[in-house]
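Pasting the structures in now, so scroll down.
Paired with chain B in one complex and with chain C in the other, chain A is shared by the two complexes that follow.
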Partner chain A sequence: MTSASKISLNRRTLLCGAASAALMPVVGFPRASFAQEDVVKIGFLAPLTGPVAAWGKPGLDGCKIWADWMNEAGGIEIGGKPHRIEFASYDDEDDAGKARAGATQLIRESDVKFIMMLGGNSWPGVEEIAARQGMLVSTLLPSDLTPNTETLIAPCEVHPIYNVTGVDWLAANRPELKTAVICAQDDALGKPSVATYLAAFEAAGIEVLGDPLFFDPATTDFAPVMTQLLAKNPDILCLDTCYADYVHPLCEQAFQQGYKGQIISCTLDFYQRIVERTSKEFMEGVIFQFPDFDDKALNDPRINFRKPNDFYAEYVKRYGATEWSAVSWEYSSIMDLWADAAQRAGSVEPADVLKAMKEGGKGKHAFGEARWWGKDLFGLDNALVGDWPVVVIRDGKATIAEFRSIPDWWDKHGPLLIKHMTDLGQMWSQRT
Partner chain B sequence: MHERNTISGAGWIGILALAVVLLAVPHLVSFSQQELLVFLTINVLLVVSYRLLTLTGEWSLAHVVMMGVGAYGSALYSKLFGFPVPLAMLAGAVTAGLIATVLSFPLFRMKGFYFLIGSFAAGEVIRLIWKRFTDPFGGPKGIQRIPGFPEIDLGFLRVDFYQPENYYYFVLAVVLVSLWVLYRIERSRIGLTFHAIHWQDKLSESVGIDTFGHRMLAFVVASFFAGVAGALYAHYLSTVNPNQFNVDTMVYVLIWTIVGGTSRWYGPILGVIALTIIDEVILRGIGADQWRPLLYGAILICAILFLPNGLESLVIRAGEALRGRSASAVTGAAGAEQE
Partner chain C sequence: MSDFLLQTAFNASYAASYMALIAVGLVLIFGVMGVINFAHGELYMAGAYAVVFFYAGLGLPFIVAVAIGLVFVGCLGMLMELALFRPLRTNPLGGLIASIGFLLMLQTVAVLGFGLRNQNVPPVSQGRITVGGAFLTYERLYVILATVGLLLALWLFLRKSKFGWALRACAQDREAASLQGISINQTARYAMFIGAGLAGVAGALTAPLVAPTPYMGHTVIVTAFIIIIVGGIGSLEGAVLAAIIYAFVHTFVTTFFDGVIANIVGLLLMLAVLVVKPQGLFGVRERA
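Let's turn to the complex of A and B:
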């Protein structure tokens, strides 16, 4: 027998041990497992690292809370039997190739019944495998929808169409603002959003000064971008749907260059950091579209998101207030919709859940009753659209100013949006 | 110096073992790892073609863009002009070679660091053209629903190239032929001239070598094979967009090449295989998805600190050790006989 004192740790032993420890999970640990039929696996395929991680990772964090709460309450009852929910995640790095490998792993190895994605750059890599396997997939970017993507749904965020509510509210509450400038990164997220803002400003009678400024996504110095925008002396500075890495320096530049007017943006992720780097006074009145879920307005009975204030408190407790982003609640709200449909269908099979989800052409969106819509814009009615909040920064804190109806705006100004989408080549029929 | 062209018995055994591994590997890994295997094999061609250019002493930052030219070209030839996919792939690669020919004229007026920056600028111009012109390049969203490699249906045998294991064998065949061509080029007179230009370009010129022509040749051939890699990529993934060929991807190619080493033809192959397995299999396998960039960076730093001549130096040292051991065994045996 070897006594402990005689065990020597040389470099080779150390390296072998470290390599073995690293490889063990790959080779496979014996794992405690629940009965397979009682566990439903849900795939989470979104960027968890890289520049777009802010729209992936906070969503996974939110889903962990959702699953913990659901499982603590006994799971979801489907077909008269409780089921635990487990999430299987894969970091697609916003890349189609990684997304394809991830979708293969989730569908063929993890046996997931539903996949949630951010969409955009990564979706084309998944499209065919989802169609072949009949997998139900959700995206946050309905611009991924085409008439052929029958198993793809946009059940939460109808980006960028909800941006019209912010402009509509601004025009009603600050009619003295008459001119605007727009900037966006030149990519698949920026362009349809610019088309939406152009339509919304035109509908509101606000003149857009010059062409929208598209900057390269590799841009790191935003001083010249802001100088160019502010040279037009606009009443409104529109930051479109820029990533957090751009919104922060753009706001800082606007502050440093003495801008005093109105700012409107689709997202304002981690806005507390912008307030810290600028000032409460500068950020007062900034409009965007994503509320903090401690907002009392979310306790309204029409809101379908379960316990929003408690969800926010738990999120802040686990991850910190500054980690809350636009997507922290979104994937969880999609799970609410999925769970409701699975319960009604009495099945977790993708086709059954989709059928139950779209039954009657209406669905329970996080912000109230909504309708399945999108044929005119995306070629099929797979986007769930209803009311959306307009959020305003007041005293350094995001506050819901009002809920506005996207369908109402669409009924009045739909052709205008189609015109601007067409001009920028963003209609589904124009996508190559 | 007389070059040895014969392969020893041990060499044949090694080749046979490698062939068995390459043929068996798709059946030994998981479904998602089969997908990675396809991309890894394509990336092998990408880094080996890049090494051919570095033989002349020039390091380009446009190589991934040249891959993109092959990918976009092949996608457009098949989608817009209805070329059969195999022909479109070839045409895409030829287009990458032609673009490289045109770029050679301004770029090879520069050398060293200036060439590096010039190649980056040229690559960005091409990438911005893809972004700017929605028709025909699809703008920032790129081209989608690119036709896949056609199925083979012989009645008794149906091969669907959407399946990763089938596409892997096709890619493997194309890459092995390409590697053989690149290897023969390096071992030929032209390859020796590339080396000469790298180490003594003025001396080479003084003995009548056309340094511009040879640099251009290396750039064009490397770009052609990068274009082949791009075409293989595009018809597998069914989508291309400008972000897939940006400078971040180029940095990965540089890392694979440097970590693997460039003094032997197999150096970059070792680099791309080792780092891909570490990043995509081991780090993902241990559930370190969100820590991968950090751990990957730490591994890179260690590799550069402890293996400054690349992973290939391990193979060289192992080979020397084996030769030393067999030589001492022979000497020992001869000594024993004399006694």
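Let's turn to the complex of A and C:
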């Protein structure tokens, strides 16, 4: 009996102990504590599945790191009180209809104060609700900007305008390259980027052979596309802003069809896989625009992104090195800007944050001081533009070659860009 | 220019090869069982994922992974016959609807098991044949050679073996075949194994070239239907010839113009055949 009662007691103790242990993370650890009302919710509305997921999901993963670090440090201080940041995500699958449903849910049910989007194909679904609610929304694609939605901002990526820096650098460093061909998927992302590359090549004195090749986004076999491009015998093969699912087979086909010239691309997500499927020699010197954040060049004092190397290390630890994509850091850098503006405004209300963010016409972009710009191209100055890195593959690894100024290029060649944007129907007045 | 044409011909030969495998499988299933198998694209996808799992994941030799893909997807086909098509044999639309349901199930299983992202399959070989200025990689050559071998084996099987005769008899007239003592259930089961296995092996062979996704079946099923309509529904020879014609037309138009125009030309080709020869190139005119 004694023994049985002891067992019973022990079991109870064990159960109590287990229950306490289970509850410890919820109630027990002191750290930063937040009252239930001291939570600010941020909406993340981007493709988390489908062919464009590479420009959504890795960004959400990066935001989780950002939020963990921010909350561990006490959250953001609004009106003297610490606030915890939480993300509410919705997979818009790069589809306008789903984005509309997502925006409605995020605003009405999750009560978010700010929505981050990839933009492009999904933006038309959100435009009306954002304007009606006065919701502050960010896009990675400033080609979404129009004067109709003053609360839409492009505070991180001025896609595709930064592509001019890659061409500019290439022309300065490899002046012997005189001809180029361009291909892109025929969609809202491909066309403005083609216009930008056309302007950049013209400014650099590089001849584009034939018309740009716009391929069907449903293409699965890229051999014919590459055969057509290489038939023109170009010095430079420009892959524009193709999705990762297209860049990989395009590079592979270029390799398999014996191309030995220069490749330039806007993105080169998961480039390690391309190196694996081609060769280090083939990929040597490929130019694109998105660095790995373990790059020591990002420790330069002018860089505003906090602890980029640590961020990259944490990202690799959590998700793996091959999961790093062009957007892994971008949404987090937008959150840096938002948090800074919200703290200065003493409010998380969209109008207050936007006002603080644009104060003085300048802002702290991830890659240095930048200015709010875009009236000539987008009808309003809601794009934050400054320097942008030119990234080169060296010995199988992405390396920042140089930071180049987008505003400097614009000051010299702005009319060229407007001309090509107009020719392809990509000016804001043509899109609305 | 000759290099350019040769390169395009190489590209087209590869496309014709894997599409012929898929279309012949689809025709076989339709011919023997009278079922339009909408899940055929997903059987192709399942074959590709077999390679993702066994070759890219477990590191088995590529040829072993392809063989597993063939058998695994063939067994999936037999399961479909047993669980879906046989109970619905008397319902003309039942098999079609059931195959759509099965399609969604296969996609979901792939998403749950492997995620939504494109899968990276390491290259089998980086070698290539150079003819003039045109290149044919070994990976694409393997697909072409395997297709020729498999289709030849299938042709011999159907023409020279008793079981092949039984399959053809069922395809011609199921009831008459049954009266001759041919087991319809057994014939249907093996037809599904072969038809599904061909789609599976096409997916497995092309997996290193296409970066598999759970939704990769969509594109091929549309093309496969165009091919079997052009070739003549129920005709294996027609499917092979139509695959070659379609692939060459599509690839050359893509190369000289672009892919959207190529899709339109492909549909126009189908329309033209339907107008001139409604039963397809090798199809048999139905008796009134």
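Keep in mind that, in the parts below, the second predicted complex is superposed on the first by the 396 of 432 C-alpha atoms of A that agree within 3 Å, B and C clash if a C-alpha of one lies under 4 Å from a C-alpha of the other, contacts with A are read in each partner's own complex, and residues count from 1 in each chain.
As a working rule, a contact is a pair of C-beta atoms (placed from the backbone, for glycine too) under 8 Å apart; a residue touches a chain by one contact, two chains touch by 3 or more.
These figures come from a predicted structure and were not determined experimentally.
Just to be sure I read the superposition right, which of the two partners does A:104 touch: chain B = first, chain C = second, or both, or neither?
Only chain B; A:104 stays clear of chain C.
Mind working out whether A:147 is in touch with chain B, chain C, both or neither, as first, second, both or neither?
neither
After the superposition on A, what does A:431 contact: first (chain B), second (chain C), both or neither?
first
In the superposed arrangement, does A:258 touch chain B (first), chain C (second), both or neither?
It touches chain C, and chain B stays clear.
Tell me which partner A:128 touches in the superposition: chain B (first), chain C (second), both or neither.
A:128 sits against chain B, while chain C stays out of touch.
Give one of first, second, both or neither to describe whether A:186 is in contact with chain B, with chain C, with both, or with none.
both
First (chain B), second (chain C), both or neither: which does A:273 touch?
Only chain C; A:273 stays clear of chain B.
Taking the superposition as given, does A:231 touch the first partner, chain B, the second, chain C, both, or neither?
Touch partner of A:231: chain C, not chain B.
Give one of first, second, both or neither to describe whether A:49 is in contact with chain B, with chain C, with both, or with none.
Both partners.
Could you list which residues of chain A make contact with chain B in one structure and with chain C in the other?
Residues 49-50, 186, 216, 218, which sit in both footprints.
Going by the contact rule set out above, which residues of chain B touch chain A in the complex?
Touching chain A: residues 30-32, 34-36, 39, 79, 128, 131, 134-145, 162, 164, 233, 237-239, 241, 243-244, 246-247, 280-282, 284-287, 289-290, 292-293 of chain B.
Inside the complex, what are the residues of chain A that reach chain B?
My answer: residues 22-23, 25-26, 48-50, 57, 89-91, 94-97, 100-102, 104-105, 108-109, 121, 124-125, 127-128, 132, 186-188, 190-191, 216-218, 425, 430-432.
What does chain A use to touch chain C in their complex?
Interface residues on chain A, with respect to chain C: 49-51, 53-54, 186, 213-216, 218-221, 223-225, 227-228, 231, 244-245, 248-249, 256-258, 270, 273, 276-279.
Using the touch definition up top, name the residues of chain C that touch chain A in the complex.
4, 7-8, 10-11, 14-15, 116-118, 120, 122-123, 126, 128, 130, 133, 135, 137, 209-211, 213, 216, 219, 251, 254-256, 258-260, 263
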